Amino acid sequence: MHNIENQRSQFIRPCTRVWLGLLALTSVTYGIGRMELGGTQIVMLVLIITFIKGEMVAGFFMGLRNTSLLWRAIMASWLVIVGGGIAIAYLVGLK
Amino acid sequence: MQYQSQAVAKPYFIAAIGLFVGQILFGLIMGLQYVMGDFLFPAIPFNVARMVHTNLLIVWLLFGFMGAAYYMIPEESETELFSPKLALLTFWVFLVAGALTIVGYLTVPYATLAKFTFNDLWPTMGREFLEQPLVTKVGIVLVALSMLFNLTMTVLKGRKTSISIVLLMGLWGLAVFFLFSFYNPSNLVLDKYFWWWTVHLWVEGVWELILGSLLAFVLIKVTGVDREIIEKWLYMIIAMVLITGIIGMGHHYYWIGTPEYWQWFGSVFSALEPIPFFMMTVFAFNMVNRRRREHPNKAAVLWALGTGVMAFLGAGVWGFLHTLAPVNFYTHGTQITAAHGHMAFYGAYAMVVMTIISYAMPMLRGRAANSEKSQVLEMWSFWLMTVAMVFITLFLTAAGILQVWLQRVSTEPLGFMAAQDQVTLFYWLREISGVIFLIGLVLYIISFFVKGETKEAA
Amino acid sequence: MSQAFTKSMARNIFFGGSAFFFLLLVALTFDTMQVLPKRDHRENITPAVERGKMVWEKNNCIGCHTLLGEGAYYAPELGNVYARRGGGEFIKAWIKSRPAEGTPGNRRQMPQFNLTDQELDDMVAFLKWTGEINTAKWPPNIEG
Amino acid sequence: MSTQILTLDSHKAGTPPGDLAIWFFIFAELLAFGIFFLAYAFARANNVELFNESQQHLNRESGAINTVVLITSSYFVVRAVAAIREGLSRQCVYWLGAAIGLGGVFLVIKLFEFHAKFSAGISLSTNTFYMFYLSLTIFHFMHVILGMVILAAVMLKAHQGGYTAEHHTGVETGASYWHMVDLLWIILFPLVYVIR
């Protein structure tokens, strides 16, 4: 059962780690919200965390990391545009 | 033509083209009235001419859709039509009802027509595009039901392809959403809200299903590309149409008294509405590039490609131009809307009907394609009409931008008529383009009578 | 090996997606119906307003004018005409005074509709009510 | 063909798992949500006080718990895909069932949240913030339901033994959609509940 062992090490275990990582990052985001922190640096941190989470879900759960560059680029640019747009809008709102 | 009963499509197509001519003539009358206000007054006031222009458009497109359906369904289902006689009867009922309605518009004042057709008992008239007397509206429903019965029975007894299923869904949707035209509450906001359930869900909803299936049918025939591939595309395109278009209806709910969240829903979803049209363009070109045969009917291929491009430009690009709420705030109800309306209807619906006519008419006349000479003429008419329509759209857009600037944006806004006086030049240019369009249309009709060497239909 | 892109999946997305967004439309429509009374002031729809809408429709006014921006673009917007012309007297006088054979010169013509005084009053009532609908501050200015 | 390719990439090399058609749909949905997210962000920029003030009345705890619920549910779906790649239909069904169950938990928590808001008289027309909050969360809520329906259909077919280690595009298709629903919430939560 070489292939099953292979799948466990290459698919399930990374995903389990990703899952735990997502939970940890979520608690960070929640903690920031809980403390009602605000301000540019905090918001950028939250957005970076969100970007990392998005890439983790897209790459590992959705399996995009095994696909061609085009697919990964589409997803990454979506995340960048949305996240970057939110960041710009936040800065615009500071005025 | 593979099945005898497909022949019933022929009178539908001929009627469609005939009414198309009428539509263009009244369009020219209106165009002239824009710059020579007393032209044909008081014999044909502008509101009458416009009603005839738009109603003829709707009716000839319906004739085209019905003809297309009667042509396609037997071939797709691989069986004769359930009842060719019923289809012919339906044709004459529809033609006579339509002609009488137009005659009514032109001969008696609209208020008199309303009185004689019992509009007081159940008022439905006098709303844009739905001006038809109650009895005509009922007639349209009966005609549609007769057609749907006929086609559904045919599909049920024969092969069920994705194309015929999509076409039937489009036609059923057409009938169902037309029912909203019978609802005319005295509250104007409600009236407008549900008026769009007919108008928007027709042209940006179920009609696009019809459009997609017509285009898919012709592309299968002229390119020989595998049906599976074409039908897959068809489903993806119409999925995107409805996903974006249903909530895209919000772009009509910005300023008519409806809650303001529609500005967000409408903007977000209608911003996506160009996507299915873009897919349609890619689809048409892709299939033609991957063609497995050289179909002798070059003109039909040209129409099919033209539909893809012009639908994207007219409905997609020109729609997007003024669909976002902050833009629409200034452009709502101006010549920009007229510009979009002209190119979208021509590019999407008029052209797809001419695509199917171009493909099916030679078949109905017993040949695979028209003679070389006839096709060259038809392609000339394609370019004349299409280029003329592009210019009509550009001139109306220019007029619209000026109108918006003078009347709505500038710090000292002009009144409506004063602003109109400033853009007269563009209306003249539009009228000239309209004349060229008519020349194209005349050539189109002549192309049917050009003889020459033809191959027998396969 | 499984096929990468199947027709049945495309079909499922079409049916599922359409049903989904139609349901969303129904939900939004439901909410709209709850909110509308506050925006259209339907308590002010008197019998005169109702009759006025009939007069509006029977004479196919939408064939030249826009009303809240919808209609033909040949003649001025009438959703705010009551405010623009400072009340109903101008509107009535205007409609009444259209010459049956048209005004001389190259101007755009409005037909003589031969409305009765009652119909004129009803029309004004309808246009006044229409002008009070909350249209999210549209049109941009009084010129419509 | 090596077994590794068969199990790890049961799709054409280079393309994402599942039916390609679902990926068109996924990207269309991402586009719609993306525009909505940006619309929220820029509407907030014009209305910072209102948004910050209204945000305080949101139930951040239920938002965070729901994030955990969806992430975990997504992970269960990953396990379901892994199971069917080994041909283990029963495990696949169990994992899918657990994922759908968590989807249900998400819906229940969200319903409590909606109930609290609606009974406070809040609606789409209360103000711009609540318009967005309700629109985005209800729109997403409906996607969760749609995702659950898709997963349920997949589960049913898996239960009937409709998938094998070689042929299981359907599982991957449903999984991809469900991950998208998760991904959207991962962005929605900080955007609406946290950023201030």
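Which chain is which? They are A, B, C and D, in the order written, and residues in each are numbered from 1.
Keep in mind that, in the parts below, a contact is a pair of C-beta atoms (placed from the backbone, for glycine too) under 8 Å apart; a residue touches a chain by one contact, two chains touch by 3 or more.
Computed from a predicted model, the values in this text were never measured in an experiment.
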| item | value |
| --- | --- |
| More contacts between chains, C-D or B-C | B-C |
| Separation of chain B from chain C, taking each centre as the mean of its C-alpha atoms, in whole Å | 23 |
| Chain B-chain D separation of Cα centroids, rounded to whole Å | 39 |
| Euclidean distance of C-alpha centroids - chain A vs chain B, Å | 46 |
| Junction residues of chain C - those touching two or more other chains | 5-6, 10, 13, 17, 20, 24, 31, 35 |
| Chain B residues counted as touching two or more neighbouring chains | 232, 235-236, 239, 243, 259-260, 265 |
| Multi-partner residues of chain A (each touching 2 or more other chains) | none |
| Contact graph of the chains (line, ring, star, complete, other) | other |
| Touch list for chain A against partner chain D, complex | 2-4, 6-8, 10-12, 15-16, 18-19, 22-23, 26-27, 29-30, 32-34, 36, 38, 43, 46-47, 49-50, 53-54, 57-58, 60-64, 66-68, 71, 74, 78, 81-83, 85-86, 88-90, 92-94 |
| Of all residues in chain D, those that touch chain B in their complex | 21, 24-25, 28, 31-32, 35-36, 39, 43, 124-125, 131-132, 135 |
| Sites on chain C touched by chain B in the complex | 5-7, 10-11, 13-14, 17-18, 20-22, 24-25, 28-29, 31-32, 35-36, 39-40, 42, 45, 49-50, 53-54, 56-64, 66-77, 100-113, 129-130, 133-136, 138-144 |
| Residues of chain B touching chain C in the complex | 30, 33-38, 41-42, 45-48, 50-51, 110-111, 114-115, 119-120, 123, 125-128, 131, 162, 184, 186-193, 228, 231-232, 235-236, 238-239, 242-243, 246-247, 249-250, 253-260, 262-263, 265, 329-330, 332-335, 337-338, 407-409, 413-417, 419-420 |
| In the complex, chain D residues that touch chain A | 3-4, 6-9, 14-17, 27, 30-31, 34, 37-38, 41-42, 44-46, 48, 52, 56, 60, 64, 67-68, 71-72, 74-75, 77-79, 82, 85-86, 172, 175-176, 179-180, 182-183, 186-187, 189-191, 193-196 |
